[in-house]
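Look at the two complexes coming up: chain A is in both, with chain B in one and chain C in the other.
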Partner chain A sequence: MFCEKAHVLIKELSRNRDALPPYNTDLLNEINTEVKQLITQNQEDAQISEDSRVMNHASYLPTVKIRHAAIKRNIRCILAYHYNRLKCLRNMRWQFGSILPPDVKSNLSQSEIEWFSKYSSNLVQYMRSIGDEGINLAVDLKPPKSLYIEVRCLTDYGQFELNDGSVLLLKENSRHYLPRSECEELIRQGVLEHVV
Partner chain B sequence: MDLELEDLENTIQDDDDDNVQLTSAELIEMMEEVWVNEKFAPEILPHKQEVVDCVLGQISYMEKNLETLPSTDFKKGIHQLEVDRIRFLVASYLRHRLEKIETYVLHILKEEEQRGEREEELYLTEAEQQFAIKYKQDLEQHFENATNFYPGLPFEDWKSHIVAPNMNSFVFLKAKTAVEGVVIDPSRDDDEVADLTVGSQMILSYNSVTDLVKKGDVQLI
Partner chain C sequence: MYVENLKLDFYEFLTGKRILLMVHYDIDSICACKILQNLLKYKEILYTLAVIRGVEDLKRSYRENSNDVKYFVLINCGGTVNLVDLFEPEEDAIFFIIDSHRPTHLDNIYSDGQVRLLWTSEEDLEVPDFHAVYRDDSDEESDEEPESGDEDEGRAAKKRRLNEEAILKRRERRLWEAKRFDIIAEYSQYTYYNKASAIAMFKLAWFLNKDDKDLLWLAIVALTEQYILGKIENSQYVLAVGELQSHSNRLRNRSNDTDGLTSLRITYENDLKLVLYRHWSVESSLKYSMFTACKLKLWSHRGSKKLYELLADMGLPLSQSQQAFESMDLQLRKEFHQSIEKLSEKYNLEDLVFTSFVLQYGYRNKYCASDIVYAMFAILESSPKETPEECFNSALDCLTRNKKDVVQKAIERAKIITKTIFKTVQAAIDMKQIITAGNFVYYIIQEGCLDWYMFSNQYILLLLAQFILRAYVSMSRNRKAPDLPLIISAPKNLDLGTCVILGIPPLRQNSPKNNLGRAFEEAAENINYEVLSDYFDTSYFEINIKDRTRFFDALTALFDK
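Let's look at the complex of A and B:
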């Protein structure tokens, strides 16, 4: 059946809503081959029906049309796959900042990595242009409720310097009472955990 | 919240000496209104760069003032939190706009172009415009990479199905001025109209109040 592989691709997408599975090069290649085959077959049939029209034979038009629809559907699925991955990647940019965790990065295609760095620089450029000295939109993602929050350290992060110059040591399982604005990024990166 | 704002004004004098006289409380109120509108409107609204710039100026002014306070001062924490809240307001507003730009990039750029041709006011700020154009280019590049395995594919097809905001979605709104004869559902013939009195709250389809929102006659809630 036509487009079966494309369907598998979309299913994979909907199974992993908020995660990025490895870029499915093999399946995409198979779909690409299918599209190429369909195009070649179409061209041949179009040629035959062109010739046969002169001889008043039945045309292959319906077959060609169905194949064409299949090609279009395949391409749509491919684009949907790529677009939704980009959306996921975009959310990660907001979550982790401009540097991706290595396990995510290994799941991306070359083109996606390029897109990510372009998006990142585009975003930074935009954020710099707001106001006089720019504003970092990636912080303050949630409305602030209190100035200080209690956090627990999940990994051995090492030394962390606060805005007022004091340095503290973030060790695993240690608890701290920190200004929310300064540890928000670390929380999103999974270094700290907000103790409620 | 109000108490704290008043408090703020005692320590921080207004620095708005422009022709429009605004106290910082009024300014923040305006920012809040702009933010809520942007948050609930399905489409992107005209930019409010003046307001954003004013608020940002206010923030940096307040922060400078805060630095002069000793860290043992009890009031400092409260003020710092207020500054953080205001900053969240601005950042969230700009984030909402960016999100809309990203989702409806083709639609928005097309509309902007038309607005430019009609010499109307543009909805995007210059920086947002640049961002949108670059975002579109990168997206196209990525799509092309994904489909360049066979030259001449009908892959430009996706551009004919542009993702556009749903203008018929329903919004909650509150009238700030009295408006009479708002046509509900302009696509139907039976001309059902609604009159808005000051302070009344309604649920209406967004496309029947688009202009009112942009003019500031109603406030989305």
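Let's look at the complex of A and C:
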């Protein structure tokens, strides 16, 4: 059947909505070969029908059209796969900052890594261009009401160093009162929880 | 060392420093901690919060944080133990203590600056004089240095004299030591409680002009907890209530928000000693509350008849009394207080009424201080699965106004606890499990017992103990019954095979001063038992279950003396 593998690819995508599974190189290669095969078959059939028109034989045109639709569908699926992965990657840039966690990084393809670093540098460049000294758009998801907030630790994170050099121990279920700017990132990573 | 000026030497002193708040696991501490958190926010003081359940926790959390933090604030813990001995802290670590446990350890009172107590010396009763317990030994030794260059004869004489002197000195020293022992024994004889720490914290907020109604409510909850658990005397309670009432008037007049929807109102009202009756049905509340149950002996068949008689006298139809108080007829609801007060004499229910406060915000939310206290007991002590830190967090949530569902859930659980306590008492009486052993009464909760895990916690066990003692006194034909203290024991940790033992003073003593902790210590000493106890309140004690019988025998011997 045509496009079966592409369908598998899309299913895999929809199974992992907010996560990045390993880049499926094997499957993509298979789809590529399928597309290439279809194209060569099409070319051959087109050649035959071109030749046979002279001899008034039946035309292969419907077959060619169906194959072409399959090719188009395959390409669309591949594009969707890549597009959704990039979207997820872009969210991660805002979530984790410019350095990706190693387990995410190992799931990316080479070109995705390239894209990510380019996106990062573009973003940084843009943030630097705002105002006199630049502004970090990744922090303060909601407008802050105070400089310090009370947070609750959700996991055993261990030692955490503040900007002023002091160290504190983040233990599960402990409560702390900290500068907002320092814990914003940890809140986004799910280590801390803002207590309202 | 006492801190004289809380504002300068505590609040301003901590500005810009990082501190560790060590908070004991009880309602008063949680309230005090919440007030303090509020105050710390104004100065942007960074803090870390640690929950302390016992001496072990205290040590552990000090160890974990001592490298990074130099300033420690201990709420309701640490006052009764020698902190310097316990932590062996570095020179520059400073401990601020606010503790309602008494007696305070003498080394903490006479510490020269490392341990600082946030209350006045008047709040510690009968503290022995400094020279009665400490003495400078250094000059003594220097006296004994032999002096050379004297004549032979003189030397011999001198030696004899020196010897005599030394003997005299030693004798004096022995006497002094014996006296010191007596003095300390007398000082530390009773365990009792001072006024709630939350009230002290509220006063600090008031001095700083940062008090508001929310903080006042916290102080009220803490005070009510002390009253419900019988930690303070009635007179102390009445005085403190009066004080808080004047604060509530002052704060009410200060705000100009009179809109019913948004404003927060704290009103001074009479409350009944009925558990959660506003959120329960009248019948259940009457039945399961300690006060009415003991007066009317509701665990018996005759008692329940009497209960119906009371309800009939009040003119409360059964169908009304069995449904939720909120859905009762308006007229009956309004008259409920009056009608029960009117009948209090006939049914021997004097003292049913006590003064308390009611918090109201919006149209629907109305809570008595005691409702919140019971709800918090339920949160802190009734779940076998959650860790203390999780419970602590939800208890903090329970005190914030926008978490109504937490309070509602907790109140439902509090009802179950109250029922369980009642049923345990009923079973204890029916099965005659409350045993008189000469000069004290004891009751042991067996492991297999329903919901035993609830009673392994401090405060629910205390509630049960009070209930049992009162029930026992009201049932007993023994004329000495009101003079007997009660000792209750419940399993604590099944894996380790330990159990907790709690002693409460006799009813007739009519004061919460408790000397059973001392008795436990002595009994343990007599049987050479190594103490595991981890509690700050010495009237709680922890031993291995297999040693319990031996321990009780030792106690019996001790009380017979």
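In the analysis below, the second predicted complex is superposed on the first by the 160 of 196 C-alpha atoms of A that agree within 3 Å, B and C clash if a C-alpha of one lies under 4 Å from a C-alpha of the other, contacts with A are read in each partner's own complex, and residues count from 1 in each chain.
Here, contacts are C-beta pairs under 8 Å (C-beta built on N, C-alpha and C of every residue); 3 or more make two chains touch, one makes a residue touch a chain.
These numbers come from a predicted model, not from an experiment.
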Partner chain(s) touched by A:R175 [first = chain B, second = chain C, both, neither]: second
Which of chain B and chain C A:L147 touches, first, second, both or neither: both
First, second, both or neither for A:L186, with chain B first and chain C second: neither
Partner chain(s) touched by A:K72 [first = chain B, second = chain C, both, neither]: first
Which of chain B and chain C A:S166 touches, first, second, both or neither: second
Touched partner set for A:L100, first chain B, second chain C, both or neither: neither
More chain A residues in contact [chain B versus chain C]: B
Touched partner set for A:I130, first chain B, second chain C, both or neither: first
Partner chain in contact with A:K36 - chain B first, chain C second, else both or neither: first
Interface residues of chain A shared between complexes with chain B and chain C: 146-147
Interface residues, chain A side, partner chain C - complex: 146-148, 150, 152, 166-169, 171-179, 196
Interfacial residue positions of chain B with respect to chain A in the complex: 52-53, 56-57, 60, 71, 77, 80-81, 84-85, 87-88, 90-92, 94-95, 98, 102, 127-128, 130-131, 134-135, 138-139, 141-143, 145-147, 149-150, 153-155, 157-158
Touching residues (chain side chain C, partner chain A) in the complex: 18, 37, 40-41, 44-50, 64-65, 67-69, 387, 389-390, 392-393, 402
For the chain A and chain B complex, residues of the former touching the latter: 28, 32, 35-36, 39, 71-72, 75-76, 78-79, 82-83, 86, 90, 111-112, 114-115, 118-119, 122-123, 125-126, 129-133, 135-137, 139-140, 142-144, 146-147, 164, 180-181
